[in-house]
Amino acid sequence: MADTGAGDEQLKVTVEFGGGLDMFVKKERLQMVDGAKKAIVRMARQTGGKGTTIRRLIEHIGEDYLKASTDLFCTGSTLRPGILVIINDADWEITDDGMDKYDYKLQDEDEIVFVSTLHGG
Amino acid sequence: RRSQQDGLSRDEIQRYSRQLLLAEVGTGGQVRLRNSAVAVVGTGGLGSPCALYLAAMGVGTLGLVDHDTVDHSNLHRQIAHTTAACEGAARKVVSAHAALARLNPQCRVRTHDVLLESANALEILRGYDVVVDASDNAATRYLVNDACVMLGIPLVSGSAVRVDGQLTVYNYNGGPCYRCLFPAPPPAATVATCSETGVLGVVPGIIGCLQALEVVKVVTGRKEDEPPSMLLFSYKAHPHFRSIKLRGRVPTCAVCGDAPTVTGLVDYAAFCGAGPSDCPQTLDV
Amino acid sequence: RRSQQDGLSRDEIQRYSRQLLLAEVGTGGQVRLRNSAVAVVGTGGLGSPCALYLAAMGVGTLGLVDHDTVDHSNLHRQIAHTTAACEGAARKVVSAHAALARLNPQCRVRTHDVLLESANALEILRGYDVVVDASDNAATRYLVNDACVMLGIPLVSGSAVRVDGQLTVYNYNGGPCYRCLFPAPPPAATVATCSETGVLGVVPGIIGCLQALEVVKVVTGRKEDEPPSMLLFSYKAHPHFRSIKLRGRVPTCAVCGDAPTVTGLVDYAAFCGAGPSDCPQTLDV
Amino acid sequence: MADTGAGDEQLKVTVEFGGGLDMFVKKERLQMVDGAKKAIVRMARQTGGKGTTIRRLIEHIGEDYLKASTDLFCTGSTLRPGILVIINDADWEITDDGMDKYDYKLQDEDEIVFVSTLHGG
């Protein structure tokens, strides 16, 4: 992975891209883990003295993980409409106690899934 | 307009005997299924297996809504249709009705051979106990959602594209509606174009069967025990299924919220930047 | 005995166009499906949807094995059959063949209107690329497993009872066979009797569709990436699906182990304490 | 639950009964948790000075949880043929490094599923 560093100061999260979003991700960023393609993302545990948020993760993916035309996934740290964020098998809105959902602080070993809603049938 | 008898006929007892044995169905559940009316919007990849199993299991009245004709490129997944129907360019609702009649002539079928639109959706869907969204485009999905919220009908929504599928019951038991999850439509540029998209035939089969199961759960009451969830399916993921806990109804939702701003059906083609007919092949996806 | 051409005909390109668009299938995968031969043992609740979707998606040759006739109590789940077939007491393989022919006349169907037994199983199943176990009793499950081990054929095994279902691919890529998991048959007393058992119609529908998906994965090679697993489904569990990591092949297994003691097909009715015909209604479950 | 006691000396495992095995379990032993019926089993952390094993869990279920005719589930601590044991989503044979699988030591919060194989279709 590109972003390695001192173990203790980094956290590791697993990211999956569902509903076709994997098509926008650089192939070399995905690896086969137990039969499915996932990105293992290592990031600094702290950003600007505070816990690293999912906002930062989205920016990081936008900067380093996407093939091109990142606006099919996000603009800056804002996801495009029609993408659900799933943190450890729960819709990220559930963690929302009036908190901005983008402020969710990543935990080591979090499993994050970005999934595009599907319209076909 | 439909029978609401309590008992089962001799024919029904014979046909549904294997379900009458189940604690989860029994005579009470079978009567509830027989007395229920379910609308299936779309008789394609999702609607084919969903309608077949609903008719097979004993749903008394099925409404089929589609305005399309059967095409060769449908048949790798739309198992209610036939090569003969395709060669005769049959209307999909007519072809699907024939399949349901072959399987279970006791099922009453109402065909709606029209494009579901703001002008007719409330009239068509009113009176059904459950609506199944088996459609194939964003505009119809918002339309069906809003109509179900306005009519107070649970919505069993499925979708399938490429090798992925999704399943949620909306507007039910304190859970969200489609707009609660997706208040803004995706930009038209992010919706895969017809020629880019395909679908593995059995993926809508799996999701359509699971939609029929959710209908059974809603009609028999079992669904009440479950917190809101979305089922994600992907051929690429392992395991293929992932169940997500969903938010409840969102108080600020434009249509099901505490102070709704959408109180009548709107122009969904304009809202989504593309209507169901803008790209005819999308209907095949 | 079957064509092994590399290309696709114009009809095939038209019919499978939506799968040719997929990276996971494409022309290569579609040709592999067309050149493959799959045996489906049982044309009931599991075999109906599985065979329909395999034919729809373009499997070139399907073998159907069943010795039963269509009955009224089948129709709440066995969607390949019809009320007319039931009234005419049609053979199940004949009725299922008719359904496959309606959907996709390009699929070559071989019907085996016999009870699969030790005396005929190797001959019937030899030459198929994949075998689907869509049967309904323990004796047949051990028979099919042992035959597949002896013939070196991957076995896509599904089952459904009441509101539960199970799915595993056996004898594939270092994974276990059925006997590796279940070396001893369950005591006959623990197998629910025919009259006690029922099944919710769409449950074998879900599992049968998933069996068709596993066949696609084996034929196209995608399955090689997956570690051995079993999928459990239950209407009563939430979420309904649970994927279990399975042990690999067991070196001490009586049939697929390093020193097998079962080297030819045996008497499976004696082994299980009950044969496939001891209780005719089991065939309906 | 019947078996409560000093928290620290007890471990808690969740047990589900699949493939129809729930029919043999006393109704009052199962509770609805997130939409599914499960048994929350509390047992001593140690049995005879050693970690409590799944053998002991099976005996405990046989003694206290079954309606009748426990041989449809187990004889003593031995499960009848045709039942798979799943520990935290893995076949219990996987934990087997030459160890008797019945000797698996229960961990707090383990999720155990007993599931009967199905033959119908």
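Which chain is which? They are A, B, C and D, in the order written, and residues in each are numbered from 1.
As a convention for this text, a contact is a pair of C-beta atoms (placed from the backbone, for glycine too) under 8 Å apart; a residue touches a chain by one contact, two chains touch by 3 or more.
Going by UniProt, the chains are A, D = Ubiquitin- modifier 1.
Since this is a predicted model, take the numbers as computed values, not measurements.
Centre-to-centre, using mean CA coordinates, subunit A (Ubiquitin- modifier 1) is 37 Å away from subunit D (Ubiquitin- modifier 1). Averaging Cα coordinates per chain places subunit B and subunit C 28 Å apart.
Note on chain placement: the centre of subunit A (Ubiquitin- modifier 1) and the centre of subunit C lie 39 Å apart, centres being C-alpha means. In subunit A (Ubiquitin- modifier 1), the residues that reach two or more other chains under the touch definition are 34-35.
Counting partner chains per residue, subunit C shows two or more touched chains at residues 162, 197, 199, 225-226, 236, 238, 243, 285. If each chain is drawn as a node and touching chains are joined, the picture fits none of the line, ring, star or complete shapes. Contacts between chains, counted with the stated touch criterion, involve the pairs A-B, A-C, B-C, B-D, C-D. Residue ranges of subunit C in contact with subunit A (Ubiquitin- modifier 1), taken from their complex: 225-227. Residues of subunit C touching subunit B in their complex: 11, 14-22, 24-25, 49, 52-53, 56-58, 72-73, 75-77, 79, 81-84, 102-105, 162-163, 195-203, 205-206, 209-210, 212-213, 216-217, 222, 225-226, 229, 231, 235-236, 238-241, 243, 284-285.
Listed in rising order, the residues of subunit D (Ubiquitin- modifier 1) touching subunit B in the complex are 32, 34-35. Across the complex, subunit C meets subunit D (Ubiquitin- modifier 1) through its residues 42, 44-47, 134-138, 141, 158-162, 164-166, 181-187, 189-192, 197, 199, 204, 230, 232, 234, 236-238, 242-247, 250, 282, 285.
Subunit D (Ubiquitin- modifier 1) meets subunit C in the complex at residues 16, 18-20, 22, 34-37, 72, 80-82, 84, 86, 89-91, 93-94, 96, 113, 115-121.
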